[in-house]
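Order as written gives the chain letters A, B, C and D; numbering starts at 1 within each chain.
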Amino acid sequence: MDLAALLDRIADDVAPEVGRGAVADYIPALARVRPGFGIAVADVDGGVHGAGDWLRPFSVQSMSKVFTLALVLARGDDVWTRVGREPSGDPFNSLVQLEHEDGIPRNPFINAGALVVTDELTCHGDAVGALLSFLRAESGHADIDVDAEVAASEAGHADRNRALAYFMASYGNMRNPVPSVLDQYVRQCSIAMSCRDVARSALFLARHGIRNDGTRLLGLSSAKRINAVMLTCGTYDAAGEFAYRVGLPGKSGVGGGIVAIVPGRCAVCVWSPGLDARGNSVAGVAALDRFTTLTGWSVF
Amino acid sequence: MDLAALLDRIADDVAPEVGRGAVADYIPALARVRPGFGIAVADVDGGVHGAGDWLRPFSVQSMSKVFTLALVLARGDDVWTRVGREPSGDPFNSLVQLEHEDGIPRNPFINAGALVVTDELTCHGDAVGALLSFLRAESGHADIDVDAEVAASEAGHADRNRALAYFMASYGNMRNPVPSVLDQYVRQCSIAMSCRDVARSALFLARHGIRNDGTRLLGLSSAKRINAVMLTCGTYDAAGEFAYRVGLPGKSGVGGGIVAIVPGRCAVCVWSPGLDARGNSVAGVAALDRFTTLTGWSVF
Amino acid sequence: MDLAALLDRIADDVAPEVGRGAVADYIPALARVRPGFGIAVADVDGGVHGAGDWLRPFSVQSMSKVFTLALVLARGDDVWTRVGREPSGDPFNSLVQLEHEDGIPRNPFINAGALVVTDELTCHGDAVGALLSFLRAESGHADIDVDAEVAASEAGHADRNRALAYFMASYGNMRNPVPSVLDQYVRQCSIAMSCRDVARSALFLARHGIRNDGTRLLGLSSAKRINAVMLTCGTYDAAGEFAYRVGLPGKSGVGGGIVAIVPGRCAVCVWSPGLDARGNSVAGVAALDRFTTLTGWSVF
Amino acid sequence: MDLAALLDRIADDVAPEVGRGAVADYIPALARVRPGFGIAVADVDGGVHGAGDWLRPFSVQSMSKVFTLALVLARGDDVWTRVGREPSGDPFNSLVQLEHEDGIPRNPFINAGALVVTDELTCHGDAVGALLSFLRAESGHADIDVDAEVAASEAGHADRNRALAYFMASYGNMRNPVPSVLDQYVRQCSIAMSCRDVARSALFLARHGIRNDGTRLLGLSSAKRINAVMLTCGTYDAAGEFAYRVGLPGKSGVGGGIVAIVPGRCAVCVWSPGLDARGNSVAGVAALDRFTTLTGWSVF
């Protein structure tokens, strides 16, 4: 299969979708982003292909949750006592479930769960520092960094996440002071990366735990299990629809990116900032739908 | 891989789990079932292997929902206007979600959704008759039938499902009279089959829509998408955990059976009547966990 | 105070509100009712005054719940083991709460609770017969009866109440067969009475349990306690607002009637079929608001 | 009626209840309080009677919500755009409802609603200062003050209230910075007063808005309406039960106090620190139940 040609075709096919949807307007710095579309595929043998704005950095937002979860699991399974693995079945930052289940978030990919993961990672040192080290190493781009303007913008609109964190603290499910966890969380979400860099950085999930330098980050089971959590919980309350249409483990962010894994083959990253009502990139989902239809590479 | 030996090994490995859990006691006829364990694998080339009580018929219960969904989708996609595709995130027969979402059930594998599927199938004629024809043809066992005692027992304990059906009717989401839909539903759940027969009958999902006689029941996309719905919604509110541990599309029933699909390879059916708190077979889940660990055949 | 003049003044004051709101359109026979307004006050000494359409019969609907509750409590307090006394805080026929609280309705004035009361009354014989006897005796009108057309119309639109009843049956909280309880319930709601007759029939609550013939229906405490339940739960999820604006125990019906009690003084019944979003008569609430403002007779 | 003798009798009658229930253990300073019982009645003519520990100061906690609401309403009705008037139907600090209703708390007596009231009062200056001035003037005790130890203890256990406040801030329903509102809220709850002083301070509600010095704090309607909100919402999710048993507007606090109003007659304050499962004083509710039974002074 000629992946380069395939990606160009997908970029053409989804062009009518680019510009549809709404950008995330609750974060001013994100609301100003220019429309566009990019797609990159990194295969397990080291090749990378792309189309469109695949080298243009964007805000990774919730896609960062995949990497912090992997870094925490690389240190052990303890975090699973503090966060579940079930789909939330509710909008992505709901407090309802948290109250019914005594401060234990449903899964690590809703905001409450990601705050727990960041809190756990913070117990081992500088969470954002560890995350940047990993992303720089995997992508080969030493200049990947937090976008300070986005971080400042998010910090000024973080009352709901602050509420989530204090609520979990009231149940004893916060180890570090809420302000410092929130600071780490806001900064991890504000990292800017290109489709190419995200796809490269997520390849360890297609390789069942093996990093780009051949060392092992995670055991085979842990890597497969992150894929499972991505498939059931990675796209907010549209996980069922995403599995139905795309059929791959995937994790989206309100910056317009989605990273998806074809186990044993490749990691894919798409980006386009217009979001659907559930917070997933309109053109991004369409592109992944085309990708699995054309390649036949869904997991099902 | 020597599947026969593998299944024997799994039967040995999970022996300590057999008898654990609780049988479904709200249906008297199920509460009296003897303990046991069976596993069968039907591969896409036609081979079938088994271990333990793999030829012993048991009550398929909610596993029937996979087959009625397939039979409805074989006639078109209309049913998706009446039922969603998202995990429920709530216990398996919850009315809460149904009320919040105006009588549209979250997915076809919770009871409310399955009632809609049965109602839709009933629009095309005798739903149970069509289901039995399909199962008899696929399994090669012409004597597969409804267990009249189980059906009578369930019909006497169906007030909650009756409530679900009338509730959907109040939203205009029932096409046929509730008593006749309930009768079809109770009888479809009361069909008795062995692990061997279930695995054979589910093979079309591993073959992306092709029946055992080589004819096509469903298009490739539809078949893949049923697998996707099974993975995200097939084991009540433990779908995330099942994906995490087993990593296969699967559908469980309170009779103690679970059917799972390895796309492109095989269909697996396990049975053991002791259920965990979420209604899934304790030894069955353990056996599938062993199966994917030993074969490496999870979809992730 | 010249009550006759006062009621005329109130009728004038609320004239602009008459015709506002929407009639209950889910029951065809109610949807066709002509606009109008009536108010009647029956005082504890036997006098009755009225204004507007105070002699015109209308469908009592949920106002019947006050009388069935009183008739059940006249036989003992057992019903309180099957139904609570707390405001529901949710729309008037919600199943959510019923599921969270194991089939025990929040209070006797939401539909689920009233079904339990009717079921309990049915254990002692013909519920509707007992109710009609009581209403005929108190009002002095022997021709008070069920409106057969309204009853037939409601019976054809009772799926939601049927769902509620079967749902409670699934928790063991139904003593009689659901179809017969529903039949009694639909017929009790379909009784037609005038404002005059309702006010006369409710006087026992203003007289702390004493009927119009001087005999005692209920003990003083029981009568006061029905008033308490009316004040906290009598107007669906607008009970707080009704207490705030009107300040009297009251019970509304979707037929447009509201009965209110001034303990120790009088019973008031207003009627006007236009309903607000919460199911209470727009002109009726406005009239009661005027009534307590002009008389100073709120309980607060 | 000899009130002094009546109160002694009530103190005797409820003696077996004193010590029952559990003290509020989430606030360490409250968990250490000694058992006891006090009752005081302040009548509208200026007389005050008491029994038991009626002069012993205790932590007013949520009873303070009545006074801050009155002080806010004395400045206008604007606060009603930010908080509702309906019973919550849920435990007293639930976030569920807040999420469903876009950051508008159900009523001013649940924690979220009281935070809004305190926030609103803070817009006019020092909320706790205004509250202390009022309480000192009404009670005639210039030394009424915040208990610094209790305030410190609460401030250290305020994560849940902090979560509520940030959550409302995320909906734009907080005017002042959350830390300063929380500080005011914690301190208002930590005021220590005796039954005598609380009863005296609440007399304006029995006098329909008139303070002890004869000046008017609130209009007649506003005062009656606070009573209405107390009756429907004053005792957490036991408001229906309290109305049923006691039949008076009342507001409880987890310090073990309850203040109740007999409109036109008197204000009553009871105190005993053992709480029932819903956070209301066990002996306190029993005493008020005896009080209305013996006097016949329920509002119904």
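Basically, a residue touches a chain if its C-beta (ideal position, glycine included) is under 8 Å from a C-beta of that chain, and two chains touch if they have at least 3 such contacts.
Fair warning: this is a prediction, and the values are worked out from it, not measured in the lab.
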_On the document's contact criterion, could you list the chains that touch subunit A and likewise touch subunit B?_
none
_Shortest path length from subunit A to subunit C (each step joins two touching chains)_ = 2
*If we define chain centres by averaging CA atoms, which chain lands farthest from subunit A? Would you check?*
C
*Cα-centroid distance, subunit C relative to subunit D, in whole angstrom*: 32
*Chain centre separation (subunit B, subunit D; CA means) in Å*: 55
*Taking each chain's centre as the mean of its CA atoms, how far is subunit A from subunit D in angstrom?*
47
*Which subunit C residues touch at least two other chains?*
none
*Considering every pair of chains, which are in touch?*
A-B, A-D, B-C, C-D
*asked:* Show me the residue ranges of subunit A that touch subunit B in the complex, using the header's touch definition.
replied: 84-90, 97, 106-107, 221, 224-225, 227-229, 231-233, 237-241, 243-244, 247, 249, 263, 293, 298-300
*Can you list the subunit C residues touching subunit B in their complex?*
94-96, 98-100, 159-160, 162-167, 169-170, 178
